[in-house]
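Labels for the chains are A, B and C, by order of writing; each one numbers its residues from 1.
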Amino acid sequence: MYCCGRSMSFPAAAVDTGSDVKLPSLMLFPHNFEGTQEHCVAALARVERTDFLSPMCIGEVAHVSAEITYTSKHSVEVQVNVLSENILTGAKRVTNRATLWYVPLSLKNVDKVLEVPPIQYAWKELEEDGKKRYEEQKLERLVTKQRNGDIIFPVFNPEPYTVGYSQSSLIHLVGPSDCTLHGFVHGGVTMKLMDEVAGIVAARHCKTNIVTASVDAINFHEKIKKGCVITISGRMTFTSNKSMEIEVFVDADPFVDEPKERYRAVSAFFTYVSLSKEGKPVPVPQLVVETEDEKRRFEDGKGRYLQTKAKRQVQMQPLTQQ
Amino acid sequence: MYCCGRSMSFPAAAVDTGSDVKLPSLMLFPHNFEGTQEHCVAALARVERTDFLSPMCIGEVAHVSAEITYTSKHSVEVQVNVLSENILTGAKRVTNRATLWYVPLSLKNVDKVLEVPPIQYAWKELEEDGKKRYEEQKLERLVTKQRNGDIIFPVFNPEPYTVGYSQSSLIHLVGPSDCTLHGFVHGGVTMKLMDEVAGIVAARHCKTNIVTASVDAINFHEKIKKGCVITISGRMTFTSNKSMEIEVFVDADPFVDEPKERYRAVSAFFTYVSLSKEGKPVPVPQLVVETEDEKRRFEDGKGRYLQTKAKRQVQMQPLTQQ
Amino acid sequence: MYCCGRSMSFPAAAVDTGSDVKLPSLMLFPHNFEGTQEHCVAALARVERTDFLSPMCIGEVAHVSAEITYTSKHSVEVQVNVLSENILTGAKRVTNRATLWYVPLSLKNVDKVLEVPPIQYAWKELEEDGKKRYEEQKLERLVTKQRNGDIIFPVFNPEPYTVGYSQSSLIHLVGPSDCTLHGFVHGGVTMKLMDEVAGIVAARHCKTNIVTASVDAINFHEKIKKGCVITISGRMTFTSNKSMEIEVFVDADPFVDEPKERYRAVSAFFTYVSLSKEGKPVPVPQLVVETEDEKRRFEDGKGRYLQTKAKRQVQMQPLTQQ
């Protein structure tokens, strides 16, 4: 598994700070260099819905392998598999599978998107399936962008289990160590902060230990530059019997360099489950929705919940056979 | 508490590396931009005496709120409150209160101090009180600067409980991750190193677990640039029955960029208490002072100790009512 | 011990990330500045064989002292001693002794090696001994460079205890926080990653807890720049009754800046021992060598093992008397 061209191993302690996400971008360099004349940097544009199958423990070695599965004119789809290996017992298990979309930007002018040299497909069907995924995500990105005007306002003296009761936000000044070599925030840094806010929202709501079960597609609408102040806000949108859905926004204020307006950079839905002291999922208190907007968002969340549940039942068979 | 314009929340694990101090500087940007034409960076000039009321535990969420309480022509006073929230029980408590002074520097020329646009005061008394605090700290900064020629020399084969026995120093090369976007050391990084040295001095003296009780006003006399080598030295100056006062100096050698002379960048007094295994304060061995300088510093420390004790008794009533 | 010109103290937690190695380079600055006209940066060229005498524990204070022991025309030999102090008991012990070679590079043109101003020796013999060490390491660097063409290929379905069974590799993108102020990877960062890979190889082979016993001379053949992707690969070369020797390579791909070829930047041999649950060394499974190359490397490793064993018996007497 280890030591071949497109896969790599990591001690688990190194994986925490978004290394999982940093890695695929490494692999794009050789690909891009083959065909383009201009030097480029791969900007993370979208992470498809990711289910966390199993936690990774300290002392384990993570094996990350990735391959390019589709290229459009201006974007690259990368499939990533994360395996966890207990080096003492030798046991390996899949902890994570993810699909990421990258866009190559010119190193001379990071606002210029470069063309992607096409890959060769083993079967014509692979290209057709990829094209379908490409069109679907393009549409969904558009829809998300339109929904993005929403702002989370502070609520004073909220009642328990309402949306206002658990909503939370963090502020973070983007420093040099958060950034890539080209001065943009690592996708993994943003995702870690989003998960932290979502986790605080979930814990405030149910007052128990909680764990991330899945992250819905994360769309990176705009790059975040070094020196920005980012506000990461989260609010609960939906509760099923044993899960909570939390919507998280990342807004960027480009203070230092230019007096540009605040903009919505990233948004996503996180799903958490509540755990008993024995680590088993337990029922969560139901979310109390009050305003029309909160009711609409609850219904939207229910739609996503049911859709995912249906998809999972379809996928269960092939997944367990792998 | 969370999610309003001038406050922010943080998981406790993120707070350690000086984030407490980084935050207020964030809040100054909007203020400064409103009134000044030139882009600026807020340089930390002074942290007023800070008492550590209660430790923050892992898993708790820190709420940091801050407001500008006074502006002079060239400086800004910021009051910061740190609350710790146990998100499982919902309990909150004040862990820290601090007052910081910032000076706005031009981004085009960081040696140029900009003018601060004045704030509006709710009552005239607030401005008068602020002015009094401003004058007091200005005077004290001057006094401290004069005292700053002192150097800590190595002592060979010192006797237990003498000043030389516990004095300690660290050396640190200021790297990129210690610095702000403009290449100056974060105030929080310096303060963390100072606390480390003071902690080593205290532990060497009393051979028990020790904890920071308070930090006297910290004056940042001069900026420290990326590439400097800083020497942080600490020596015990005074012991009361259950506390130890340690003086800490930070000296900077600007090796890499220019062959400038070593200069005293920061100095402060830290107060530590010794703890029993049950975490209760216990008596500390008395400091053995030998030279005239040591005796003078002991008396000075006693003065500060008695003054603080008197102040605390005055403040106790309003503080417990808050 | 602390607080004199050429020594420094550090809490043990700060020591992990290669601080041990960063420190001596600090001390070279004053030396170089005295004699050279041009500003320079000290590049780590080689670390001599290092035995880990004793682990350093959390809460202990590390005392690092160093002195220049020899200068050739273009290089500086530095001897470093690391003492660990338990500040509660006051007990100190040597944890580490190392000899490092640095080369001064011009800050204006980092490809230009500057001349080193000669030091004064207390006795003529010190200079002669130093010259002998200089010639020896120069020869060994040359030999290592020639051996460096080797590549570690992936092996599919390897048998337990073969070389292919435990061989491992990591990939790392060199980010800003891995680098010195001049954009080159810290020697300590590289050494930490090499130790991680060697540790994974050792643990895969013997399925027990393992600990680094010694590191053979590490030769830094070429600088690694910010933005490189480095591949760190390790394979077992030799097993004695209670120790394992692992060869580690660091290869750099200078993707981002220039489409230069991959090059071998660093290589070294690590020796690990296998520990029982009580922390005592236990016998290790013998390495199964299959190919001619593997057999040759096993014999070479045996040679190094016997040579070191012989040297240690000679050195044992003076060492225990110190």
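Here is the rule we go by: contacts are C-beta pairs under 8 Å (C-beta built on N, C-alpha and C of every residue); 3 or more make two chains touch, one makes a residue touch a chain.
Values in this document were obtained by computation on a predicted structure and should not be read as measured data.
S.K.: Same residues or different residues: which describes how chain A and chain C meet, taking over half shared numbers as same?
M.R.: Counting shared over all numbers used gives less than one half: different.
S.K.: If I superpose the C-alpha trace of chain B onto chain C, what rotation angle comes out, expressed in steps of 5 degrees from 0 to 180?
M.R.: The superposition gives an angle of 120 degrees.
S.K.: Distance-wise, how many Å sit between the C-alpha centres of chain A and chain C, to the nearest whole number?
M.R.: That pair's centroid distance is 38 Å.
S.K.: Using the touch definition from the top, which residues of chain A touch two or more other chains?
M.R.: Answer for chain A, listing residues that touch two or more other chains: 176-177.
S.K.: Can you name the residues of chain C that touch chain B in the complex?
M.R.: 2-4, 8-11, 14, 22-23, 26, 29-30, 33, 39, 41, 61, 87-90, 107, 176-177, 179-181
S.K.: Mind listing the chain B positions that touch chain C in their complex?
M.R.: 152-154, 167-171, 173, 175-177, 196, 200, 203-204, 207-208, 226-227, 229, 233, 255-256, 259
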